[in-house]
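Lettered A, B, C and D in written order, each chain numbered from 1.
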């Protein structure tokens, strides 16, 4: 997929939660390049003396009709905070699209069946790429089931959008919304294990590493394939610097180019996670 | 004079000429500290990755009634351009007041006489501190005469404000306004030399170094005392780092603390200027 | 007004002085969507060793003030992979593809160079005697004149084409190392490699990089790099290739004024993948504004102005 | 929760680990409007020599990416001026006023130290064997173990109080220099002094600084400084004072984790004249958050986490 460096215009910026903003970017009147769910962009942060390198951000949604690229930002440090301070109209220099993206199942016609159920498990800002993926699954005739985990109800993001796409199972650590506990403790897993619910064709996960490791173990137990989207520290985002490597069954590979999405069977997650 | 570090609020920003902006700053509702003409401030430039050190800027005017500090900025590089991009309401971290200031003659009462005529010679953005000085001279009952030099008429700044204070002699290199040539070629000098006009008690000058050297030579010839305000590169502005030194009859002294204003008799200007 | 941007590194002709620094531009191919590779003065590919290497564990990168640390540790698939898989993809490029060579003994350096000498469309190698991120070899050779001499000597005997020796800045006198490389037959020196540095996570109370230390690059190191290029230019008679923190054409010009016959752009490629194209355009613009007939006129031109 | 910020450099007690770096805080008096000097861990005053010095010509300063170059060149009015004019003004301060001493031979260093030893309220000197901005002496001593040893030995014989030796980063192995200073009786080492660098004006085609090169300081050098503090901490048994690019409390903590018993703040004073006060407050906040009884618990605490 051809990569571009574009000065995208910030059409709007919306504060979703105290530490989360949604950026809607457009390419002037020109169309946006092709992009796939699970891919990411590298954003140059303007006017931020402390931010030297670009920041990798997942593609949250591509609205082809309006020509909008959505980025969901969790403000954790200088760079993301500077992004959250931007005003509509600002230009954002973005390299895109980067990485491989989630495996896209072929289109199916007719109703959903057990064979085209997909579970998408996200935690925190890791839910960002799952929205784009969910939309693509629906467009291809599949049935996404979302499992969204958060510390508390107020940390759940874009819930209405997920609900518009399919079933949403929520867990919160404090129990304010949905079931209490971690995503891996949701009753859906038990139902799958007990055969009450059908096994998904594939599980996609994105979020904090410990969560993804736990999800991947669950999938191993259930004998379900799983893809995880990693968030290693990056410098170039292009496969050139070899800074972002993850240890896999083929040795150290670049998360920015060979990933960020990996079948968990390829990963040698550290046991400690 | 006690020094402060203050977060001043940008009350307004006005573009005077394509490369010049006027910043009007206030100290919230608190009064501004004491300041004298010829003193300067050190501004921390916000959101400018390329600007590490503070930027020294002359005090253009202190409007005590409105509680405003005026800074006149010539946008020559990254730092000054970033200042010119600021919007009203922004906070500007400023250290002030710095340096010695021009020698203030004592107040006089009654009309002006030859003995209290002062010539203030400025070029380019070097006219900035002369406005404050001119107002102070008028307040003390003296008669300032301004000689303002510029490349062209469109480079003259705050002309109306100077005209409100006293006689203004303009030279432009292209002759679009006032006499043609450099400030040192203005006919007033000939008149002074020929005794048609009285000798000033003191000449104050601020502007490009070659101009100030030429003015100081003229004053030497006329046997008139002259004070020049230097613009050496600075790091601390506090007399601590010894980066801003000028070679004087007492050796290397700090322009930021012993200056920026020096009687030209103390300076060992390089002959080449 | 037409200024020639041609420059030379020994016998090697460059269509302009702008090359890419090893380890920051992959094999060039990674940037083909952003830059017309054929317009570059040269591409210096990833550090290559005789045997494949896995490099250091993750994390390998930390951001610093106007710079970054890396401890990649020469991860590469070995010289045979380069010859068999990469070379066919880059051999047709109309620019100088130069291989950056590393090793852990004079013999492995020389053997790696010997294999690359057989590739017709690789006109030069850059010998990395200065990588701070590998325990054995690498920087050890680059920090003494004797160490540098021993590697250069072995490689010179094995490699007949243009030999550029890349110097470490982590030394008391870089001029001494440059002279040692020159006296053993290097055709040029390039500098600087990364400055050895460290980043610590105050909350977790430990270094950020997996092996503790890493190499610092980016604008932060430019003043040190300029000073070293200046010193080495005065110390040797072979051409100097300058790098370290170049982000734009003005930076590149500064290196040439300090004595560089050509420059390399490293970390800047991460900040702006199109930077090389902009630097070439900016150098051209500068040359025209200063009415130069040839960009080579400014090489070392800042010398003589200071006593 | 109350954490003690007390720390020690040999026998010298500091009420907190935050001192000011020589050449960046004048005699302290210049900052009295901004900082309550009595709250500082220490004030290290301007570099002082036996005889007055005019320093280098203007321009002496150039801004760089997150840093600055200076070539002040030890301008000062000599040790007698310090003793007669400055000392009476600073002797009453309730903080450690430490004099930074330079010279051009072991004898002039020692003589300068001897005079300062007579001042009751100066508990320590910092020996600057590492200034890159003076031609004779200065850095020449700081770049070899023998040079460092010769100066430390002469001064040790002349100076009975706390002797801190300030090291140059412009060396291949700073640990070797630190060991040399330790073996000649230094009570502590401080590092880093400035990295030698250069800035060039591309339009005027010449160096910006009057003498060409200058010393780089500020955030740009922090990664190098942290690495060196880490290395020296592992090499010697005397306390290490860390500095180089500290801008805030987190930076200061990082230096302590790397092995510093105390820190110095230099260039940051130019950016924010009140920075020292903020760093002290931030260290206190960190200590409380991490439930430390004493800030000394974190000295070198990042060691051992890396193999």
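Please note the rule applied: a contact is a pair of C-beta atoms (placed from the backbone, for glycine too) under 8 Å apart; a residue touches a chain by one contact, two chains touch by 3 or more.
If you're wondering where the values come from, they're calculated on a predicted model, not measured in any experiment.
Undergrad: Going only through chains that touch each other, how many steps at minimum separate subunit B from subunit C?
TA: Step count on the best path from subunit B to subunit C: 2.
Undergrad: State the smallest step count from subunit A to subunit D, taking one step as a move to a touching chain.
TA: The least step count works out to 2.
Undergrad: Quick check: how many Å separate the C-alpha centres of subunit A and subunit B?
TA: Centre-to-centre distance between subunit A and subunit B: 57 Å.
Undergrad: Taking each chain's centre as its mean C-alpha position, how far apart are subunit B and subunit D in Å?
TA: 37
Undergrad: For subunit C and subunit D, what's the span in angstrom between their mean Cα positions?
TA: Whole-Å distance between the two chain centres: 34.
Undergrad: Can you pull out the residues of subunit C that are in contact with at least two other chains?
TA: Residues 64-67, 218.
Undergrad: Spell out, as numbers or ranges, the residues of subunit B touching 2 or more other chains.
TA: Answer for subunit B, listing residues that touch two or more other chains: 49.
Undergrad: What's the contact topology between the chains, one of line, ring, star, complete, other?
TA: ring
Undergrad: With touch defined as at the top, which chains are paired up in contact here?
TA: A-B, A-C, B-D, C-D
Undergrad: Once bound in the complex, which stretches of subunit B touch subunit D?
TA: Those in contact with subunit D are residues 2-5, 44, 50-54, 93, 95, 232-247, 251-252, 257.
Undergrad: Residue numbers of subunit A touching subunit B in their complex, please.
TA: Residue list for subunit A touching subunit B: 47-49.
Undergrad: Which part of subunit C faces subunit A closely enough to touch in the complex?
TA: Where subunit C meets subunit A, its residues are 23-26, 30-31, 33-34, 46, 54-55, 57-68, 70, 72, 75, 218, 267, 269-274.
Undergrad: Which residues of subunit D touch subunit C in their complex?
TA: Answer in residue numbers: 64-67, 69, 143-144, 170-172, 195-200, 202, 205-207, 210-213, 216, 218-224, 226-227, 230, 245, 250, 253-254, 257-258, 286, 298, 301-302, 305-307.
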